[in-house]
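Paired with subunit B in one complex and with subunit C in the other, subunit A is shared by the two complexes that follow.
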Partner chain A sequence: MDFVMPDFRLAAPELFVAAMSLVILMVTSFAKSRARSAAFWLCEFTLLAAVFLTLFSGTVDRAQTFSGMYISDLLGGFLKAVVCLSVAVVLQYGRAYMADRKIDSPEYYILVLFAALGMMVLISASHFVSIYLGLELMSLALYALVAIDRDNPRSTEAGMKYFVLGALASGLLLYGMSMLYGATGSLQIHEISQRIYERSANDMVVVFGLVFVLVGIAFKLGVVPFHMWVPDVYHGAPTAVTLLVSSAPKIAAFAMAFRILVLGLFDLAEQWQMMLMLLAVGSIVLGNLAAVAQTNIKRMLAYSGISHMGFMLLGLMSGVVKGEGGTYAVNAYSSAMFYAVAYVMMTLAAFGMVILLSRAGFEAENVDDFKGLNQRSPWFAGMMLIVMFSMAGIPFFVGFFAKLSVLQAVVAAGNVSGQALYYWLAGLAVLMSAVGAYYYLRVVKVMYFDDAVDTSPLTATLGTRTLLSANALSIAAVGLLPNWLMQICAFTLLH
Partner chain B sequence: MSEMEKLYLIVPLAPLVGAIFAGLFGKLIGRTASHVVTILGVAVAFVASVVVFQDVQAGNSYNGSIYTWATAGDLRLELGFLIDKLTVMMMLVVTFVSLMVHIYTIGYMHADPGYQRFFSYISLFTFSMLMLVMSNNFVQLFFGWEAVGLVSYLLIGFWYTKSTAIYANLKAFLVNRVGDFGFLLGIGLIAAHTGSLDYATVFSKLPELSVKTISLFGDSAWPLLTVVCICLFVGAMGKSAQVPLHVWLPDSMEGPTPISALIHAATMVTAGIFMVTRMSPLFEVSETARAFVLVIGATTALFMGFLGIIQNDIKRVVAYSTLSQLGYMTVALGVSAYSAAVFHLMTHAFFKALLFLAAGSVIIGMHHEQDIRRMGGLWKRMPITWITSLIGSLALIGFPFMAGFFSKDSIIEAVAASHTLGAKYAYACVLIGVFVTAFYSFRMYFLVFHGRERFHAAHAEAHDDHGHGAHGGEVPHESPWVVWLPLVLLAVPSVVIGYLAIGPMLFGDWFGASIVVHEGNNALAHLEAHFTSAFGMAIHGFMTLPFALAMAGVATAAYFYLVKPEIPARIATAFGPVYRLLENKYYFDRFNEIVFAAGSRALGKVFWKAGDQAVIDGLLVNGTAKIIGGFAQIIRYFQTGHLYQYAFTIIIGVVVLLAFWGSRG
Partner chain C sequence: MTGWQFLSLAIWVPIVGGLVTLATGPDRNAPLARLIALVTACAGLLVTIPLYTGFDTTTASMQFVERYQWVSRFSIEYYLGVDGISMPFVILNSFITLIVVVAGWQVIDRKVAQYNAAFLIMSGLLNGIFSSLDGVLFYVFFEASLIPLYLIIGIWGGPNRVYAAIKFFLYTLVGSLLMLVAILWLFMESGGSFDILSWHNLKIGMAAQSLIFFAFLASFAVKVPMWPVHTWLPDAHVEAPTGGSVVLAAIALKLGAYGFLRFSLPIVPDAAQHYASLILTLSLIAVVYIGFVALAQSDMKKLVAYSSISHMGFVTLGFFMFNAVAIEGALVQMISHGFVSGAMFLCIGVLYDRVHSRQIADYGGVVNTMPKFAAFFLLFAMANAGLPATSGFVGEFLVVLGAVQYNFWIAFVAATTLILGAAYTLWMYKRVVFGEVANENVKSLSDLNAREFAFLAVLAICVLAMGIYPLPVTEVMHASVNGLLQHIAVSKL
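Now for the complex of A and B:
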């Protein structure tokens, strides 16, 4: 195979972030006293510049480079921008939190940046090798981050669990990839798609491969029954890291799922649709039911995240009817994408609120810590109200439209196929959302109707306060004008 | 939109604007500005109505939609006007009486803290009533119907800290719900069977409607239009206070007197009469429905009159007289003499508004004393009120040449000529009613204006709680000009309107196509044959049986209350059971309280305990919560924290997916 000089410009954002992370590594090694602050600002600069690069350097048309391992398209560009932006927000929210706990070593920033790089690679990967590369780069950085508070047994335990289970999932994913390779003789997603279409692949092996690949994806999304790590990791990790784990990786996992399942294995749609349905139903039911019993808000949000991911899968699987796609498919995929983006907006704000209530020597992690927030800070009580209402799917916040578009996609699939199963699915999803409303509204209830237990003033910096307010208000704003985000999702998916 | 359409819009909208200004910005713009803006609104409406009247008089009419509010399938919900002679007569009556009441209110309510609110309400009422009468479809009719009901509710409970007022307005509201239920059923039946809510469209489908039947109970076939008409009339019974849905009207006297005049005498309570007249094409088809109307009306006319005899509250006497007169109008409807009903509606609006406002003037003069036993001899202290009251009373009892004579006599004659089922009973009722009317009217008149002055003794204990501090002086005195001017202005039509209008309205085909009367039912045709001129009819009126009965009533009243005041008490003792029956208003209220109120409370309690608390709260709400909580605990149990179990779960997941889907490859 001749060596072809790859088109580096197409991968400019990833190359830039990779280069910058090495620069920051060097800078922090030498700038002893100001290493932390330098790392923070350089990371923020890198991420925001990467947002800029992804939005303005990419080509409009789909293009491949690195021998088909890397794909540059609008979908990837948009999702990478969301990832970089949300990681930048994570850093700002977590900065004071990490500093208060003396765990804001420069490595923290480097690891976050590496994780972001991993996600970007994962999003743009169109080859099993680059997918695996991105996934592991992201995951390894996250394992280390979860355990970064190494003197805290809970943090290290969480890191260990995450690592072991993640390794297991990676192994299963690799196994699945190898099967697909065995069946099709290729690792490139489009080639695999082509081979399966031509039926040169052994069906049995392909479906086995599919199952294992799906497990890898499901693990990253944290959907039932591959969710067991989620509550423990969210709970055990420092809140700033939980914030990271719960947000951007979901976008990357969505991209991975979309590229592998819809672009690569569409001829197996009939199979993976049923699997996704099973996973989605399990997640929505179990996530919502388990969240009801939680008193720890981080665990509650973990289970809520499981149910949200289930909802997203519901959107993703609605694009297929009897193994065929159609015009309605774009709506289904874009509803899933909209859901993922909306979820990231909401989870950032929710964990941001948890961080806001924490301070040096005090870890806010129980629902009770929100008691009487309205007396302490009416403004942020209002912000949390927006976030909780949105997560519960109350109109007119972004979470409502996310749920609505997914349900519309499900019902549309039902209309096209004429199968009652889809209506039952939609009904179940609505019912479970109603259950979900209970634990979200409980937070609102304690904020407004209970007396404060903890009356010390909020210590967050002005930057965090402003950003958090902007984050929560954007949830309301997008909820009022959901159409443009919906159109972006549909537009990027079509190209 | 043509010039006339704009004018039609101005008529209801001008009072609405006034109501909005006085209601929302009343505190801001002050008392004077509030009454100026509302009076201006109603005055504009009145002037516009006069212009419309002249236009209609010139032979024009209008039926069209201004705005489509909503469409549901083929059913269009529209805002539209039907302007014909019936409408324009109602518009004139409503705006004129409303204008008088607005002016009167300046004097009557001047010390009340809710001054602006009151003006806002009465202007809002004027708007609603105009929407009702000007409508060309059932939806707008129903809107106006409910809106006047709402304002009536608000105004009866105007003094909302008074528990009797709150009781009265709740009662009015609930009783009207019963009527509205029937009304809505009627409208629903019409919509279901014609697919339209437009009057003209509905009437155009009459030939097919009149042969339709529906089954109500089991297989019995009922003519559709009979059911529709009875349903609609049930609505009219609520609004126009016919037995047995009359119970709210006497209690509505808890509201301020101006609204008793405007709403509970002149206009709103006649909405039912107006509506049935509007629906005359439907009612003409169903003899059953008309017989029902006739019997209800006759019963109301006589038996409510009896109750007026024993009342001692000045306003309640007038209220029962209103009930009785509404009965007369309903009787006219029952014998297909729609134009006579509307004619009586108009004359009654003037003289009854006059009587109510005069009663209010007396109440002001007496410093809020309402018991007629504590009055007397007021004629020399309140001369204008005295004269106008006398005019009103004469008009009410149907003294020849007065307005009430022409309308009431026409009704009595029409009943005599009618062959409708129950006409004989009705004739007896309306004849005896004439005597009763004269008796209670002049009983009140004599007790208030003549005889011994009884208020000196009573005054010390009579003290009111809603502020008339501005009135000084120990003895009653004439009211300010804003109060007596409307009395004078209303006294004029109370005298002349009958004389002027009877020719064209009853016998001149003035209403044209607005009112439909089938040839065989035309009871007024008999009168028409004998009618030469209004003058001739009035002269002849001195020699008829009703006149004799009325004079007998006046004479009896004079004898009982001026000559031998001790007689009534003796009669009351002698006829104890009868007196108690009347005093308890035939036990309607008691019956309603025991059967309907207590019954629905008991039913509500069953639903509350068994339905709401046990099934919904206990089983569904808390039960669901418990089940979910239980599930949550079970799921929590699986989250052990042991890594090997987590890994095992993943393996199970893989195996499940493989087992289900791998095998299907």
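Now for the complex of A and C:
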């Protein structure tokens, strides 16, 4: 094969972030005393600039570069913008938290930036090698971040657990990829799709490979039965890192799932659909039931996250039904994407609230730490109220429309295929949302109905307060006018 | 008067006013919060008056229609309109909100801004429910109205308030989530429309009709509440503050009944007629059994709560007999019950504010110290028992009249149990008001102040006016009820 000079412009955002992370690495080694704040501001600049780069440098039409390893399209552009924005939010929320615990070494910022870079690569990857590259870049940075509070046994334990299970999942993913390669002779997603289309779809090897690939995806999303790491990592990691682990990587994992399953293995849809259904049902049931029993709010949000990812998969699996109905398919994928974006907005605000209540020497980890928040700060109690009701799927908040669009996709699939199974799925999903409402209500209950035990004032900086308020209010605002975000999700997917 | 979008105003004036009230913040600004709330509540009532004066009583179609795209991706519309069935409830709701704000004027002394804001926002949301003509818009208002009521019960309620608030929320949520699935099914079946009126003309097979009927039933039966899913109501009522009980009884319970008329009957008429006997049985159980349960209560609020369930049993009874007299009677009963039960809870609130007890046994001989109060309380108790010339009589009489046309024995049972209503209400009245002064608490009671006198007097006028001359209320309903009945009579199979 002749060497072709790749078109670097298409990958400008990734190249920019990669270059900037090296610059920041150098700057922080030389600027001793101001290293931390320099790292923070440079990271924020990099991420926000990357948002602009992805939005304005991207091509409208799909274009490939690096010999088909990298794909530039609207979907990737939008998701990368969301990822960069949410990582920027994470850094702002976590800054004081990390500083209070003296774990805000410059490496923290650089690792976060590398994780973001990994996610960006993952989102734009259209080749098994670049997928794996992005995934590992993201994961390795996250493993180290989870264990960054190295004197805290819980943090290191969580890091170890995450690493071991994550390595196992990566291994399984690689194994699956190798089988797909063996069966199709290609690592490029579109070529694989083409080869599978030309051969028969029921090829045993291909299905076998699919199973392992799916396990890898499921692990990264943290859905049942590959969810074991989620509560421990969310609980053990410093909250600022939990914030990161719980938010942007879900977007990247969605992109990976979409590219591999829908773009690459569409002809195996009947197979992966059933698998996704089982994963989704397991996650929704177990996530919601287990969350009820939690007293630690980080674990509660972890289990709630599992159930939310199950909901998202429910949208992803409703895309393909026997027979015609192309518009429903787009509706299903865009609903899953909308759900992922909505979930990231909500989880950022939820963990942001946990950070807001924490201060030097005190971790607001338990649901009871929210007691009487309405007396301490009516404003932030109101913000948390919005977040909790949104997560419970109560209107006028974005969580309701996320649930509505996924349920609509499921019911549509049932209607088109005529299978009653989908209606049962929808019924199960709504009943489990009612179970879920219970533990979100409990948080509202302790905030509003109980008296404050801890009456110390909130110590968060003005920047965090403003950003957190904006974050929570945006949940309400998008809930009032959800159309534009839904249209963006559908539009970018169609292209 | 055209050009003014009165329905939008009825929804958003209270909500925006509520947010402004909320912004007044801590309790040191309480007078300001109360003032803003009062102004908002008055404005909220004023903007609903044109709905009545400009109402065309000759047509069954929707009036004051506003229709805009909201979420075009799923063709969800901001689609509002009222007919003769829903319009009275918008006005009733705005009126009751004003009463509640006045009633809580001095009584509520902590988190005043939040209290008033919760009621105002809820008022807007409830108006939204009654005027939505889009399935998702309806559902959105329906669910969102749970939030303020949850907070009202949980923050300002009685000792067991947390349990009651969570029970209330989860009961109603489970019901309404099943309705959401039905709404989505109808969306698919109608080719991608959430327009409720277009669903009215949808042809649906019997099996699907049955499923939809029960999905809606799950939601509305909990709201009404019908036996046996009524158990959240006594808890919620007893623990809620007076204002919460009033709104709950006067408006929130009407949502379920309204839902039957807007969704169940016109969308799935065949299933509704097929399962009518089930609903009639449940309604009769509510009327009779819950009537006996009310008789046994020792807590005044619980007694009125059970009497609400029993009265709402009359409403569902009236709906599912499919004749104009019974349905109009049931509608009148709903409005009357809004006044009467609201007034009963306010009366109990007046006593509770002074003695801090709801137990009947803690009272006796109140008439000696509070003669003015006793007179009002008597009027409302009589209305609750269905005395002629009060509003309570009109509704129950019409329902029984309709029942005679439908089935004599149903009418017989329902009419006989009117005695039960008289029994538990008047017996409670006797124990609380008459007799010797029971204890020191009662001895030191002070009679109604001007504020209490004012809101009870306004309610008394409403109750009497509707009892003596109900025509202004029934005439707006005629066309819509007849239109509904004609619609139901045509099978959709």
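Note that in this section the second predicted complex is superposed on the first by the 489 of 495 C-alpha atoms of A that agree within 3 Å, B and C clash if a C-alpha of one lies under 4 Å from a C-alpha of the other, contacts with A are read in each partner's own complex, and residues count from 1 in each chain.
In the analysis below, a residue touches a chain if its C-beta (ideal position, glycine included) is under 8 Å from a C-beta of that chain, and two chains touch if they have at least 3 such contacts.
All figures in this text were calculated on a predicted structure; none of them were measured in a lab.
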First (subunit B), second (subunit C), both or neither touched by A:Gln271: first
Contacts of A:Pro482 with subunit B and subunit C, given as first, second, both or neither: second
First, second, both or neither for A:Phe389, with subunit B first and subunit C second: second
Contacts of A:Tyr423 with subunit B and subunit C, given as first, second, both or neither: second
Partner chain(s) touched by A:Arg36 [first = subunit B, second = subunit C, both, neither]: neither
Touching partner for A:Arg95 - first (subunit B), second (subunit C), both, neither: neither
On subunit A, the residue positions that both subunit B and subunit C contact, one per complex: 438
Complex contacts: residues of subunit A adjacent to subunit B: 160-161, 164-165, 168-169, 172, 203-208, 210-212, 214-215, 218-219, 225-226, 228-229, 231-232, 271, 274-275, 278, 286, 289-293, 435, 438
Touch list for subunit A against partner subunit C, complex: 374, 378, 385, 389, 394-396, 400-401, 404-405, 407-408, 411-412, 415, 423, 426-427, 430-431, 433-434, 437-438, 441-442, 444-445, 448-449, 482-483, 486-487, 490
Interfacial residue positions of subunit C with respect to subunit A in the complex: 25-26, 69-74, 111, 114, 136, 139-141, 143-144, 146-147, 150-151, 154-155, 161-162, 165-166, 169-170, 173-174, 177-178, 180-181, 184-185, 187-189
Subunit B residues within the subunit A interface of the complex: 625, 628-629, 631-633, 635-636, 639, 641, 643, 645-647, 649-650, 652-654, 656-658, 660-662, 664-665
